[in-house]
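In what comes next, chain A is part of two complexes: it sits with chain B in the first one and with chain C in the second one.
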Partner chain A sequence: MANVLLILPELTIFLAAILVFKCLILGLSVLHVWRVAFAGSLLGLGACLITLGMTGEPFHPGIYRVDLFSQLMKTVIAAALVLVLVLSDSPPVMRRDAWRELPFFLLLSSAGLMMMTSATELITLYLALELSAFPVYALIVLHRDRRMGSEGATKYMLQGMVASAVTLYGMSFIFGLSGTTYLSEIAAALPELGSQPLFWVGLLLLLAGFLFKLALFPFHFWAPDTYFSSPHPVATFIATVSKVAAIAVLCRMVAVAGWNEASIDGETLRIVLIVLAVAAMTLGNLAALVQKDFKRLLGYSAIAHAGYIVVALQAFSSLGHTAIVFYTIGYLAMTWICFMVACEVGRNRDTVPVSALAGLWQRSPMLALCLLIGIFGLTGLPPTVGFIGKWFLFSAALEDGQFLLVLIAALNSAVAVYYYMRVLRVAYLLEPAKEDTGILAPSPLVVTGAMVACLVVLWMGVAPNYFWEIAAEAIVALGATY
Partner chain B sequence: MGIPILSLILLCPVLATAAVMLVPAGRDQMVRWISVAFSLLALILSAIVWMAYDQTVGGLQFEEIVPWVPAVGITWHMAVDGFGVLLVMLNSLVWFTGVLTMWSLAYRVKEYFAFMTLLVVGVYGVFMTQDLFLLFFFYEIAVVPMYPLILIWGSTRKEYAAMKLMLYLLVGSALLFPALLAIYHVAGLGTFSMVELGRHTFGIEFQKFVYPFVYLGFGVLAGMFPFHGWSPSGHVAAPSAVSMLHAGVLMKLGAFGILVVGIRLLPEGATYWAPLFAVLAACGILYGAFVALRQTDFKFVIGFSSVSHMGIVLLGLNLGVLGVASADAFNGAVFQMFAHGIMTALFFSTVGYIYDKAHTKTISDFGGLGSQMPRAVTIFIIAGLCGAGLPGLASFWAELLVFLAAMKTYPILGAAIVAGLVLTAMYILRVFQQAFFGPRNPKWDGLTDMVGWELLPRAILVAVLILFGFFPNLILGLIDPTTQILMEGF
Partner chain C sequence: MNPAILAIVVIFTPLVAFATAMLFCMKAHRIAQGLILGGGAVSVVGAFLLLLGGPSETQSIVWLSSGSLELSFGFMFDGLSLSFGAVVALITFLVQVYSIGYMHHDPAKTRYFALLGLFGWAMLGFVYAVDLLQALIFWELVGLASFFLIGFWYEKPSASAAARKAFLLTRIGDTGLLIGILLIINISGMAHIPALLDAETGLTTMVSEGTLTLLVLLIFMGIMGKSAQFPLHTWLPDAMEGPTPVSALLHSATMVAAGVFLFARLHPLFMASETAILVVLCIAIFTALMSATIAMVETDLKKVLAYSSIGQLAFMLAALAAGGLLAGILHLILHAVFKALLFLCAGSYIHHFETNDMREIGRRGGRRMRWTTAGLVIGGASLAGLPPLAGFFSKEEVLASLSHGGYHLIWFLALFAAFLTAYYTFRMVFFIILPDRPLEADATVHDSSPVILGPIIFLTIATVLGGLILGPLAAILLLDVPHHSLLSMLPAILCALAGVFVAWWDFGRSRATRRGFVGAVPVLHRLFSRKWYVDDVYQAVFARFIQLMATVLHRVEVDLLDGGADRLADVTRWTGGWTARLQSGWVQAYIASGVVVVALAGYFLGSR
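Right after this comes the complex of A and B.
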């Protein structure tokens, strides 16, 4: 029974998905299906909160670990899922017959993502990765514009498949060298493994699948295209929920390999990560400068942010990991806010060009203010979490003496100001275009979600202590395992 | 600890921002009254702080310490020394008079006052905090609202100016980012408290390496030559009260940052680099004055005069570090921060008034304006004479102290700058002559002069300039103990 309690969050979300599937078979209306899914996600969030303090291994020892780290990440995933579902209530940009299926796929993918955060065995991890990926491939195809949908889905799927194949390949190296798929045993064998270059090659290949989800250079090509051509709520899901799980796995794998005193050759991995981070930040920011589509711009900004996160990841320290967990929570809220605005403004549009935001201050002052907070957050300006989060991320790198890397990262943030401010300029200065002068009135649920997200962004930015402490405790729990 | 009066002052603009945003749409008058009420309250509190500050003791007073993020050593540590008291007062004065200056604004009033008070929050925070992280935090808060303020309510190439300003300042911040973090990690004390970091002695090589980042990072905001390009164009494009805050207090943040982070924490680095930066500052003084001589737009003249006058502040700071006449140099620099703040606020407030009436800022369009707008012109002339360093006005003492220090430290440089003073007089008198005196231009006969409450903000600023012009000891007595403490660090 105690074991069931440990996996309550995954179980709730999974059962909710099955229930929604049943509703689909029974032919319930869109609204009812959505309500069931929304209630299920709320229950899932509740279950996460209940299990937040628990620790244990619900299955065969060593394959699946429930601790504060995994449960915190699951809570974040569940909260983000609720927020995405808020936007997924019959979006016109999807095929009409797909409206009912949207919540089902979102729930199913979230269950997989939650499992990823707990998996401590390579095969389990791989299965969870696949479970989370497939429903999203299906969702992108369900765009109302068939050509756009299939193009976006193909791009995402092909690259995703390649990335997960590479992951599998890396796993085979590690298994071949260590003879085990359990992370705990790999960690124990590190003193021997760490001196073998092949192990680090294997680890890097293994990380590829997760760096892909994070959209880090050189696995970033999909991000702008997929954000652009996915239905808006699906893009929101990809940009928020699935990032969390990828970050969780990266943190866990690096904690296994990098924190160990014996792993002298970890330096190689670190150099690779530094190069990737610099490339991702620079490329993401420079490419974003010329984007005309809002979602595409956010895609490039996501690449840059993946770079910022890896700046802290390569420090291989608990400060770095804590900063990442902290930043992830805030990043999620800011990104969701920006996508929420994209969803609302682009409700009846296949794409959301930046120019569609014109006159937002007249059409909906509330959305304009949200956009201001979200964009300030992504730019890294106070009093939002973007500022303090970046401060923590870069602080981790500097603790290690990486002055130049932090300087590059900080200059990158300054470059980014240009395109972020351009978005605000359109929203705050220009008059609305002729064809869309109407007042935008988001539903009360969206307004509530937006208020919560803005509150989180500002709260974490001004009084970060509570979130910082819980992130630090989670990292202690993670570090204690290995 | 008693009443946390500094936090109360900081709370005034925070509450004002929140209150303004909650006002229902269309109630513009209410927004104005809320702003003026809170700014008046802050002004009164600042005056109380000034009165209550114990000048015989000096040093940090009114301390408030609350752990903020204890795990990484961030503390809500508010305290002011003599410099802080003076600059908090400056900010209160400029905020209060700025609100009154913008009383007649009619376009998107609510958003305007919300952004403007947010800027004020940041400025207060920088002047009060003793925590390195919070200093940077408030510094950025002060910079950010400039973008929408210039973009939406500005004039003359506002989009260009707003973006230019933002990019310059945030590149400056990007230089600060690694530098401040490095100071924290290299000290290894696990705290951002500048008091404790100040007691730590950093290695000389580290100081030499990191000081230029701090100086350049903050220096961009202080209008440091040759990175001043954003400043004149930003001044010109911004609406009047934003120009007032921008030139009056925002640029002081940069100089203040150099003082409290650069000079106080990294004294040896500062000494090493001071000759170079002193020469650059002197270049700024002369360059700003030369360029101002050729401008055709009122606001550009003032914008470049700001570059020139902020050069005096930076020169004073660098001379202070060199130690030949430290007390004069530091006192002069800080005095100049205050005097220049009030003076530019007065300039922009008055030019804003003339522009609102005449809808032009081109000097040659006017001529003989003195007979149509005698009061506005008189006020402008007082500000101008203050800029030229006329005895009896506040700037005189500030410039005198810095020039004395310059003469003692580098006689040749000092002589060059004193020659620059002649240039200042030239560009100011040129404006007087072309715009205010000479034959009456009938085109402007219809303009109405300042009346009643319109005079109020300008009169306050004029009174302040004259008061400290005649009684400089009111300021010197306040800041000198702090200067003495600062000099012990060398």
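Right after this comes the complex of A and C.
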């Protein structure tokens, strides 16, 4: 019974998914299906909050670990799922029938993502990864424009498949060398494994699948294209929820390994990560400068932000990891706000060009204010979490003596100001185009969600202590040996 | 109740009222007004409960920590914060009540009341702040809120210019303050005020006296700006462009008082530097004399009061610098009371006669507004330092602390300034109650409405009884009540009486010339009425200098920096375009490049 309680969040979301599936078979309308899914996700969030603070291993020891870190990440995932569902309540005019299935896939994928945060064994991890990925492939096809949806889905699936194949390939290396798939046993054997070149190659290949989810160079190409060509709520899901799980897995792997011990040479891995981070930040920010589509721009900004996160990850320190967890929560809120605006503005559009935001402050002051807060956050201006979070990320690298890296990161954030502010300029200073001067009235649910998200962004920015302490405790729960 | 929770209620209720009024009540004036007044009332009750609870331990939480530096957010509950916090909350509330009547016909009432709420939040937050940086944040918020309030009638060019001037001149001082605070944090590694003031482990034990002098003088720059001391004083008279209740609020208990309060807060640091003490004393006494002489020839009722504020602030700073902590704080609090009274009386006249010229107010029957006139006379007598009113006690303490500190020359000059203060105050009083021609039988002159008179009467009573707080204040500040013999009080009393007499001789008696004794010396009269040419010097020197600098820098900017930045931006954008072209949409290429990079990295990893 205690074990069931431990996996309550995943279980709730799974059961909700099955229930939604049943509703689909019974032929319930879009709205009813959505209501069931929304209630399920709320229950899932509640379950996460209940299990927050529990520790244990519900299955065979060593496979699946429930601790404060995993439960915190699951809470974040569940909260983000609720927020994404908030955005997908009213389907577009076209393809209502297909839209019914959206909540089902969202729930299923979230269950997979939740499992990823707890998995401590390679095969479990891989299964969770695939469980989270497949529903999303199907979701992209739901785009209003069939051709665009199919193309986007095919591209995303191809790249995702390759990434997970590479991951599996890397796992086989590691299994071959160590004879085990348990992360803890691999970590224990690290001093010995570390001397074998093949292990490092395997590790790098293994990471590929997660770097893909995080949209880090060189697995970043999908992000702008997929954001652009998926339905707006699906893009929101990919940009927020699935990021969290990838970050959780990376943190767990790095923490379990304890790279800073003298017997293991983590330095080479670090150099690789630094190169990837620099490439991701620079590519993302530079390419974002010339984007005309809002979601595509956010895609590039996501690549850059993946780079910022790796800046702290490569420090292999508790400060770095805490900063990552902290920033992830804030980043999720900021990104959701921006996508929420994209969803609202693009409700009856295939794409959301930046020019569609023109005159937003006249069409909906509320959305314009939200966009301001979200964009300020992504830019990294105080008093939002974007500023303080980035400061934590960079100070983790500084503590490690990586001055040059931080300088590059800071220069990159300066470049980013240009394209972020361009969005605000369009939203606040330009008159709306003739065809879309109508007033935008977000539903009360969206308004509530937006207020919560804005509050989180500002609260974490003004008084970071509360969230910082939770993040720090979660990192302690990982049991890392720094 | 836990004082910290109470303090949160006191400080943040006005903010909540402000936000609610601004967001939801832009059209519902009455509700907004009620909200702000309710918030103000909660603050007053809370602040007085805190005061009655007596001093207690500082409470703070760590807000941010970086390395060894911890920035905290919290509240101080020592006598200074408690007593002054109560005064601030009280005066703010009275001004809000008064504003109901004064701003009755203004179409933008909601904005006005909401801004009063914002201002109350900023000022109370500053008074209870425990961390230097926290104090600085609220200090700047006070500046921001006062900018909005002074420029409330922004459609009047003079009002928006005055708001800008106030903001910019205080900014000049704030630059020094910011540098000072950052230096202190950098040197000592802490920003917690009680820790910095600690006699054994605080800042004074860490640095040499020279460094300390530099630090406190940088902080004093901020005080000079906020408390309008020479040469940063010129914004204050202009700030009279705001609505009169705003002047009453800003120039009595809040804003300008913030500077003096900061001085009192960091008193031990200033006391550790002889040089800083001398600098402060010289600036203060010069400011006191200068402002008094300008007030002697001013005919605008509010401007006379504005210059008297500058002078009284200088008195407080002089007393604090001479070591008279109790004297400075007492004068700060009592001045807040009677100066608010004077401004509210002035507002009552201005509201009725719609002119600021005190001669005209007198001629048109100002004295027929009996309650207002009673308030003006009592407030004026208090400002002049006549016993047994509030101002007498505090001014007496100020002068006594100067002579006790051994600064006899300064003491003498301060006595002279006190004489001038009594002189120009009663010049104002006589202009209004004894006009130069007999009043016509004009039935339309009547006193203001009860909401306006209520605060005036309350403050009048407070001014009469104000001297009684000396004992309790000393007790809560943990200081001794000084005893003065009647003989030592004599010079101050004589000076005040002499000032009143000369004012009567010049302006009051029936055959008076009404030019004043300065009028006999045209050079001086011109100097005073041109306000010692300070603004003209600013105009001539700074404006021209800035014009020149601007021309030079403009060339540098356009040709060198801007051009360079444009090139840089072009290159960056071009690179961006080139980078974006990598995104061809060709999946095979994506996958191939991913695999190639991983292979390269794998090779690198493996070969090490």
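Definition applied: the second predicted complex is superposed on the first by the 471 of 482 C-alpha atoms of A that agree within 3 Å, B and C clash if a C-alpha of one lies under 4 Å from a C-alpha of the other, contacts with A are read in each partner's own complex, and residues count from 1 in each chain.
Everything below uses one rule, namely that contacts are C-beta pairs under 8 Å (C-beta built on N, C-alpha and C of every residue); 3 or more make two chains touch, one makes a residue touch a chain.
Values in this document were obtained by computation on a predicted structure and should not be read as measured data.
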Superposed partners chain B and chain C on chain A - clash or fit: clash
First (chain B), second (chain C), both or neither touched by A:S395: both
Which superposed partner A:T268 touches (first chain B, second chain C, both, neither): second
First, second, both or neither for A:N465, with chain B first and chain C second: both
Touched partner set for A:F376, first chain B, second chain C, both or neither: first
Partner chain(s) touched by A:P218 [first = chain B, second = chain C, both, neither]: second
Which superposed partner A:L168 touches (first chain B, second chain C, both, neither): neither
First (chain B), second (chain C), both or neither touched by A:L429: first
First, second, both or neither for A:A342, with chain B first and chain C second: neither
Touched partner set for A:V406, first chain B, second chain C, both or neither: first
Residues of chain A at both interfaces, chain B in one complex, chain C in the other: 388, 395, 418, 463-465
Residue ranges of chain B in contact with chain A within the complex: 25, 67-72, 111, 133, 136-138, 140-141, 144, 147-148, 151-152, 159, 162-163, 166-167, 170-171, 173-175, 177-178, 181-182, 184-185
Residue ranges of chain A in contact with chain B within the complex: 319, 361, 365, 376, 381-383, 387-388, 391-392, 394-395, 398-399, 401, 403, 406-407, 410-411, 413-414, 417-418, 421, 424-425, 428-429, 463-465, 468-469, 472
Contact footprint of chain A on chain C as seen in their complex: 61-64, 66, 73, 569, 572-573, 575-577, 579-580, 582-583, 585, 587, 590-591, 593-598, 601-608
Of all residues in chain A, those that touch chain C in their complex: 154-155, 158-159, 162-163, 166, 197-198, 200-201, 203-205, 208, 217-219, 221-222, 224-225, 265, 268-269, 271-272, 275-276, 283, 286-291, 388, 395, 415, 418, 463-465
